[in-house]
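Chains here go by letter, A, B, C and D, matching the order in which they are written, and residues are numbered from 1 within each.
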Amino acid sequence: MKKTTLLINCPDKKGIIATVTNFILAKKGNTVYIEQHVDRELGEFFMRLECEFDQDEEKLKLFKESFDKEVALNYNMHWELYNAEKKPKMALFVSKYDHCLYDILSRHASGELYAKIPIIISNHLDLKPIADNFNIPFRHIPVNRENKEQAEAAQLALLKEHKVNFIVLARYMQILSSNFVNHFPNKIINIHHSFLPAFPGAKPYHSAYKRGVKIIGATSHYVTSDLDEGPIIEQEIVRVSHIHNVQDFILKGRDLEKIVLSRAIKYHIERKVLVYSNKTVIFS
Amino acid sequence: MKKTTLLINCPDKKGIIATVTNFILAKKGNTVYIEQHVDRELGEFFMRLECEFDQDEEKLKLFKESFDKEVALNYNMHWELYNAEKKPKMALFVSKYDHCLYDILSRHASGELYAKIPIIISNHLDLKPIADNFNIPFRHIPVNRENKEQAEAAQLALLKEHKVNFIVLARYMQILSSNFVNHFPNKIINIHHSFLPAFPGAKPYHSAYKRGVKIIGATSHYVTSDLDEGPIIEQEIVRVSHIHNVQDFILKGRDLEKIVLSRAIKYHIERKVLVYSNKTVIFS
Amino acid sequence: MKKTTLLINCPDKKGIIATVTNFILAKKGNTVYIEQHVDRELGEFFMRLECEFDQDEEKLKLFKESFDKEVALNYNMHWELYNAEKKPKMALFVSKYDHCLYDILSRHASGELYAKIPIIISNHLDLKPIADNFNIPFRHIPVNRENKEQAEAAQLALLKEHKVNFIVLARYMQILSSNFVNHFPNKIINIHHSFLPAFPGAKPYHSAYKRGVKIIGATSHYVTSDLDEGPIIEQEIVRVSHIHNVQDFILKGRDLEKIVLSRAIKYHIERKVLVYSNKTVIFS
Amino acid sequence: MKKTTLLINCPDKKGIIATVTNFILAKKGNTVYIEQHVDRELGEFFMRLECEFDQDEEKLKLFKESFDKEVALNYNMHWELYNAEKKPKMALFVSKYDHCLYDILSRHASGELYAKIPIIISNHLDLKPIADNFNIPFRHIPVNRENKEQAEAAQLALLKEHKVNFIVLARYMQILSSNFVNHFPNKIINIHHSFLPAFPGAKPYHSAYKRGVKIIGATSHYVTSDLDEGPIIEQEIVRVSHIHNVQDFILKGRDLEKIVLSRAIKYHIERKVLVYSNKTVIFS
């Protein structure tokens, strides 16, 4: 039995659920779980469907073709079909902060993340020992104002070589070019250390401290060419008070960053995220 | 267009979703929203479905009959169909604490609760002025060890007279008899002022204080004949510390109780709760 | 025994605590509780001290004079002394939204707020029935572009007449002039329906919805002449998801607003707030 | 300047703060930060005081002696004085679960925990590779029904050899004997994977799932001879719903366990915990 995940969005219309579930039934599939959402303001329909087929790869290909012709075209669907048993490949981009890297690698080592990590890329050498301890290949690609274009070309080549499906910026302190981002649309997950849209840009903990907020946050989002403006995947917060200084904010924030980033990674791995209109639908 | 809510649970089986959505389509209904859950351990299927019909009451009755024959019987379904536009009638039971009563009545006055409140019943007269201010009928039925049976009979008569659909115990400090509870299975909502199953019974804030917990909670659940053992609808918590004494716990707890009880009431009103195996499925 | 609350801030220096506690001891006072904070960045010392005196009003006046001469001047202190048993007088400003008004009035009626409410002022008549039900005087002072100056003069006269100590803007939908604000520095508490500094200004729930945030918030702050920029007293948040539309945000936000505003009011009433450098120290 | 932390508790009485701060001033010390609490029910006074001395070790010893004679005896104080710059030594006890171990070791490697880890002790060999990666000595001491007494003797010998100050049970799946516990009173930190006092004992996630709770928790507490009954240091919770099965509870719980345990460890390291009457005062 092949476990398959089907993600669909299309303009809202009568009968979509019945049509899709009937089609799957007709192809000898079993719909195990369905989750659906309609954005009434935008008139858009979203669905995530887990189903099981007792078919081999060959027949699944035929299924895809006929689904496109018989269903998707009629409803003007954007759709994706995933083999739920195939582990996606994620690359980690890091700089000098180690807490998110430790967190991701130890979760991976514990079997908590259903993904492969073929490569860690960094503009610094500081975290190489950690990668080594966890036996993950580490590549040092320095980045500066002059070599940025070349550096990104080298990164893209590496990602291609390792057939990377998506990228996690685990406190990678560089801004990616639009060109780079366009190679991985809604496939680059960043962690920003503030409760966006409050405190975008650099040094958000310092700004939060200065403003005297009583709660700080962290935000994981897909990277777009607009800095810190991409679709938000997950956010979390923690209380602070006047007794905490910037260093305390940073320390408390580290735990937030780890939690929020790891949740976002899991949603992505489990194909629970649909992006539309610069927002995310997160299926449960 | 009649907005209708259909709640279903039955043993899990292939094809339920397709069957139900097809049936609705065939009856000229439009499935607007579907939410589904399968408890794999128990092998039970749950579904909440919002649909729209352009039918009058008469035809809806026929729909019910044919749904029963053509669908429900085959799957051994337990199902309920609600007219989503009809306000359910809730009775409030109170004693002397006023915070939950104020909260519910002011939410009701603000139009936040889609329900009617035909009657408030209390074993004390203390809260009558509040009921009067909000123009809700108030009935004083004293309860003591001797008259309990008669008092409950009087309460049941009142509830019948007002065609009450469900009961909210808004800090009603009396234990209801099994006989009473059996008249309203999964229709009596209680608020218990602890994070159940911790601190059941009387004086939970005192027990929590004595144990030195760092978090206190409140729990809303359906009343069963086992005290504080009914299916949990909603829980919420708030942090406490060594600086808080029992009075502080009680004060902080009041806000919890209000929030948790009002959420549970809303879930119930919007038919988002399915009870099974002494647990609740809460649709979103 | 007179319960007294002493609030102090001054440049940080050696020996402040010993000096102050010795002085109180010398005046036959008993320091019951002390809480202290030092902002190292700004080099500022903050202290809240609860003490008990068995003195009459006359002697307390002498205490104040000698404290000023013998202690405060040496340390360049800003200090305030409150009779902890005297209820402060708060005025409520409202417009059309009723949830915060209901919440404050029912807390007040339950004895939860240690304050008097001599007057409710509104630019609309909508909420008068609620004030009437709770037996609080209600004054209607319409405000428009033309009469704003006069309206504020009338408000100030009323506040003076009722010897109001502080003002609560319970979703009062008008911007106060700098002149008005200057009459009540750090004495006007506002509730803003977003997680400031995110989404200042009008329609924050709409903006939050549009941005696709996963958490919304509310912020209570003192009003300054810079809109939504005053010192933050309290913030709280609640999770939202793609299933919630703007109306859901507004409804969820109402509970936040009530909780956050009532907490801020309590901190203020209990003299637990010290404002410095556009931030608040909130003693516990 | 020697940074020193003074922890005091004693029966509540007039003048304690003035006496202690005066004494420190007289000994040329500077009280930097003071935090205080009175448990009115028990009539007990608690204080944590950070002060700075420009004295060498020798003189600090004399300070201790005179503090005992001149202050502590009069007030019947229980008190402890710590050199705040000296790192305490903590031993980790683990079994097979790796998430808490990874979390503690990566925090330690990042410099987040101000402590030394001279030894990791385990009844299994599974986690040795992790200890090796982080270069922490690992000792395997198998435990079974027959050898328990000997095993604990071996553990105690190791702890003595390494001059261990406190022990962290990082999901160590063995119950320690009263004899062992008595060697480290309020010095053994455990993480229990439920919101105590709910679900003590084994398999709390299974019990929580069965009961249908909407929130799960984790609790860190000092180990006493009563299982899961020791003084609670910290608790945290996370929401669950009907869609989560026991495996989801366990996975969500792991993040809780890490956060809660690491917070408890930090409080302990920073001498912010005072135990009294089977409860904790946690200074901020």
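Brief remarks on what is shown
Here, a contact is a pair of C-beta atoms (placed from the backbone, for glycine too) under 8 Å apart; a residue touches a chain by one contact, two chains touch by 3 or more.
None of the values given here were measured: they were computed from a predicted structure.
Any chain that touches chain A and also touches chain B is listed here: C, D. Homomeric contact chain B/chain C: same residue numbering on both sides for over half of the interface positions. The chain pair with the larger count of C-beta pairs in contact, out of C-D and B-D, is B-D. Most remote chain with respect to chain B, judged by CA-atom centres, is D. Taking each chain's centre as the average of its CA atoms, chain B and chain D sit 42 Å apart.
Chain C and chain D have Cα centroids separated by 38 Å.
Along chain C, residues 241, 243, 284 each make contact with two or more other chains.
Per the touch definition, chain C reaches chain B in the complex via residues 98-99, 102-103, 106, 109-110, 112, 133-134, 241, 243, 251, 254-255, 259, 262, 284. Residues 14-15, 17-18, 21-22, 24-25, 30-36, 38, 284 of chain A are the ones that touch chain B when the two sit in their complex.
By the touch criterion stated above, chain C contacts chain A in their complex at residues 37, 39-41, 46, 195-199, 211-215, 217, 231-237, 241-243, 245, 278-282.
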